[in-house]
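Each of the next two complexes has chain A plus one other chain: chain B in the first, chain C in the second.
Take a look at the complex of A and B:
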């Protein structure tokens, strides 16, 4: 198989992902409205809540709005990952996934292309949100906007891979509500997105530990550090390792010969 | 409001460090990997103020020490032991000597800056808290909190020139740029006391809001800004007739009115801004010094007390008593850029070139 075939396949998948995104204007809008509501309404009530301790990577006292922004970037990516998972289930039900998977290119490559495309779509939303956040006095250093790019891509790959794995497990679109309850909400609320971990520890040691091992916490921290021009080795290590594991599991999941797809069987009507 | 109360009762020192085991490991590695970025950022911040070689001295009330901050790197580079409960500190004109109000030692100590050690005590009267040096670089006006007097000391002869009776609990001190007036605030009498520096006599009083703490003259000496801690106000007084021309009030969303207690004031040389430290409100108010409009509230550490500019006026340093740190504000951007841990209960700040 020539390189151009690989490139062609990637561009094809990327174009489809972007087209899908652009055609669903409400999706772009809602992906911005959701975090903005958190920032404007939720954070307003906690305005001074964090003016009490300095936590890395911040160099001085910050408002709650400033704290919550990396977590909201995380939720944009998380929802995107889930959206892409939803679309995989839809593709499977509609039969278009069969077309994709019958390509002579390796299945793993096609799935990684799908992940990368999803990550690039997330980037557009993340930057739009970060620019809007400036209106609410969340102004990270200019270089932070550059550093946040690789951090966002890596986090989006991790959450996209999670979405892919889930889509290999979910039989029907109707089951997707369960994903929201059992995956998205626990991942988001049991992380450092809304409150710093030391604050969680004051409430419960158990919750603190769950938050500390939640990979979403590390994705958010990777973004938080990057946004302020710093690099967190721990967050990077956990996020990359989780990405690799989830991607491999998703590839296995999509292997009709031995994967979870076979176990789950065709959708029942 | 509930949240802010909650916040204010929280002690960062007792809260467990975040990420604990994970982050300890990470931080160890992080320190190396991210230090170049950090130092680059801090370096840039330092460069923008073009303040190479400057140092800030911060008196730590509970530690009986001075923390020395390098303005270039914004890091504490030294800690010097001084007398008990150091509060107000100020340099003489050529920065060869630093005067320190060691309140519980009942002395104003003189530190020789070449040797960085205390070389003498001035006869200050009891419990000196704040003072101001006359433009003649010789007369020091000291507020003696317990005795209701202002003591005037000749720093060269190290003798008391005069003692002026003022109101109860004298606190703030300022001398006008032309050297004509020394103004003292008395916390319980709620007055500004105007002392003629020629005769060293009290010639007038101005009634202000409850518990006046600090006074600051404009560069041209035409106006005097006075903060009232309990009153929660700042009065702008016309020096010519010693009448209040404007009273400023502060309101921070989510912070209860009682927590807004103005103390330190600093005015930019260009007459553009006034900065007011709002005590337990943990914010510094930025005021347009021409229109008296309050432009912004900047979040700093807990119980922000006194303020000082670097020599260029590009950075403003705030002493945050309860959180035990100094926040550095970029004056041009009106943004806090860094908070530096110092000793316990930092009080006064003085900057030397």
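Take a look at the complex of A and C:
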């Protein structure tokens, strides 16, 4: 296979992801409404209850709205990652995943293309949300909008890989409700998305530690620092290492010889 | 007979799902330009065999060679020459016919120009050129199947695998698809493996493998098998060969 074949495959997968995304306008809207509700309703109620001290990367006292915007960017890409996992389960049931798997290009490469395409679709939603957030006085520095790009793509790759791995574990669409309860909500609530970790520590040392090792916390912190033009080495290291691990696990999950498809019977019709 | 480069050469193939045996000691060869029917009732192991041939599963026993290449080893060169039509629909209903074909072409590593040109040829041959811009959702079952076959032929494969390609179609459409695929064998010297549970789809002179409870119970043309068994109808032949063991 020539190098151009790899390029054609990536562009083909990217085009399909964007076409599907553009056709599901309600998905785009709901992906914006969800974080906006948090920002407008939840944050307004919470700002009175929660004082935010000066913590990096912020240099002054900030409102609660400013605090939760990176967390809400996190929830956009978390939902997208899970949505693409849902579409993988759906694809597999509908069979178009099989079309992908009978391609002569290496499976690992195709799955990475799929992850990257999903991450780029997320990026469009994140920027739309960040622009809307300006209406609510969340105005990070201009350069922050540039730095947040690689941070978002990396975080989206990590969460997409998690979704991909889950999709090789889940065989039925119905189980997706379980994913929401046992994956999405714990990842989101046990992270620094809604409240700073020191606040958590005041409540419970155990919960603090769970939050501190949650990779989603580090994805959110990577975005938070990037949005204010700073770079968190710890957040970057944890997020990229988790991305690599989850991607490798997901690729193994789709390997017919070693993978999780093997023991459970023939692909269903 | 050239075994070394035959489109399909399967030896002592077997597969287990955990402890459950789905396929055992299957041997057969499919030569270039040949049409081979794989016949068997539901649950005979056809889908398992099909999944092994398309590398969705990896065989636990035996060996599959496509074009002389071991599917466990250098599978990618073999996959490039392989066109597949799955039993279940695999088209994206919300995308147009052309977008579905373009996606497949890209996965095969074809350039957009090549895809456009090949798409015109294949859709034209199926009388679907005017439907290229329509969403698949608006197509009827017969047209969707034809799009799937056109898609499987897009990268000019030398081996076409069809798993119950006529499922859910009316008699006339089934017949038309069957004849179309038969003509592809002759025109393009393409090898075809046609999987079905309907014996009435096949012609008496078709080379046929009969699969039952994971094993090949007969090989030959339906005509030959009928005279061997002294049975006059193909339907009864299938019933006799696939009677469930008590």
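Keep this in mind: the second predicted complex is superposed on the first by the 257 of 269 C-alpha atoms of A that agree within 3 Å, B and C clash if a C-alpha of one lies under 4 Å from a C-alpha of the other, contacts with A are read in each partner's own complex, and residues count from 1 in each chain.
The rule is short, and it goes like this: a contact is a pair of C-beta atoms (placed from the backbone, for glycine too) under 8 Å apart; a residue touches a chain by one contact, two chains touch by 3 or more.
Not measured: the values here are computed from a predicted model.
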Checklist entry - Who does A:99 touch here: chain B (first), chain C (second), both, or neither? => result second
Checklist entry - After lining up the shared chain so the two structures overlap, which partner does A:34 touch, if you call chain B first and chain C second: first, second, both or neither? => result neither
Next on the checklist: One more residue to check, A:110. First (chain B), second (chain C), both or neither?
Outcome noted: second
Next on the checklist: So in the superposed three-chain picture, is A:229 touching just chain B, just chain C, both, or none of them (first/second/both/neither)?
Outcome noted: first
Checklist entry - Looking at the overlay, what does A:12 touch: chain B (first), chain C (second), both, or neither? => result second
Checklist entry - In the superposed arrangement, which partner chain does A:60 touch: chain B (first), chain C (second), both, or neither? => result first
Next on the checklist: Just to be sure I read the superposition right, which of the two partners does A:141 touch: chain B = first, chain C = second, or both, or neither?
Outcome noted: first
Checklist entry - Across the two complexes, what residues of chain A are contacted by chain B and by chain C? => result none
Checklist outcome for this item: Listed in rising order, the residues of chain A that touch chain B in the complex are 45-57, 59-63, 139, 141, 192, 196-199, 201-202, 212, 225, 229-235
Next on the checklist: For a test of understanding, state which residues of chain A touch chain C in their complex under the given definition.
Outcome noted: 1-2, 4-6, 8-9, 11-13, 15-16, 19-20, 23, 94-96, 98-106, 110, 256-257, 261-267, 269
Next on the checklist: For a test of understanding, state which residues of chain B touch chain A in their complex under the given definition.
Outcome noted: 3-4, 6-8, 10, 12, 15-20, 22-23, 25-27, 29-30, 33-34, 37-38, 40-41, 253-255, 282, 299-302, 323, 325, 327-328, 335-339
Item to check | chain A-facing residues of chain C, complex | outcome: 17-18, 20, 22, 47-48, 51, 54-58, 72, 76-77, 79-80, 82, 84, 86-92, 94-95, 99, 102-112
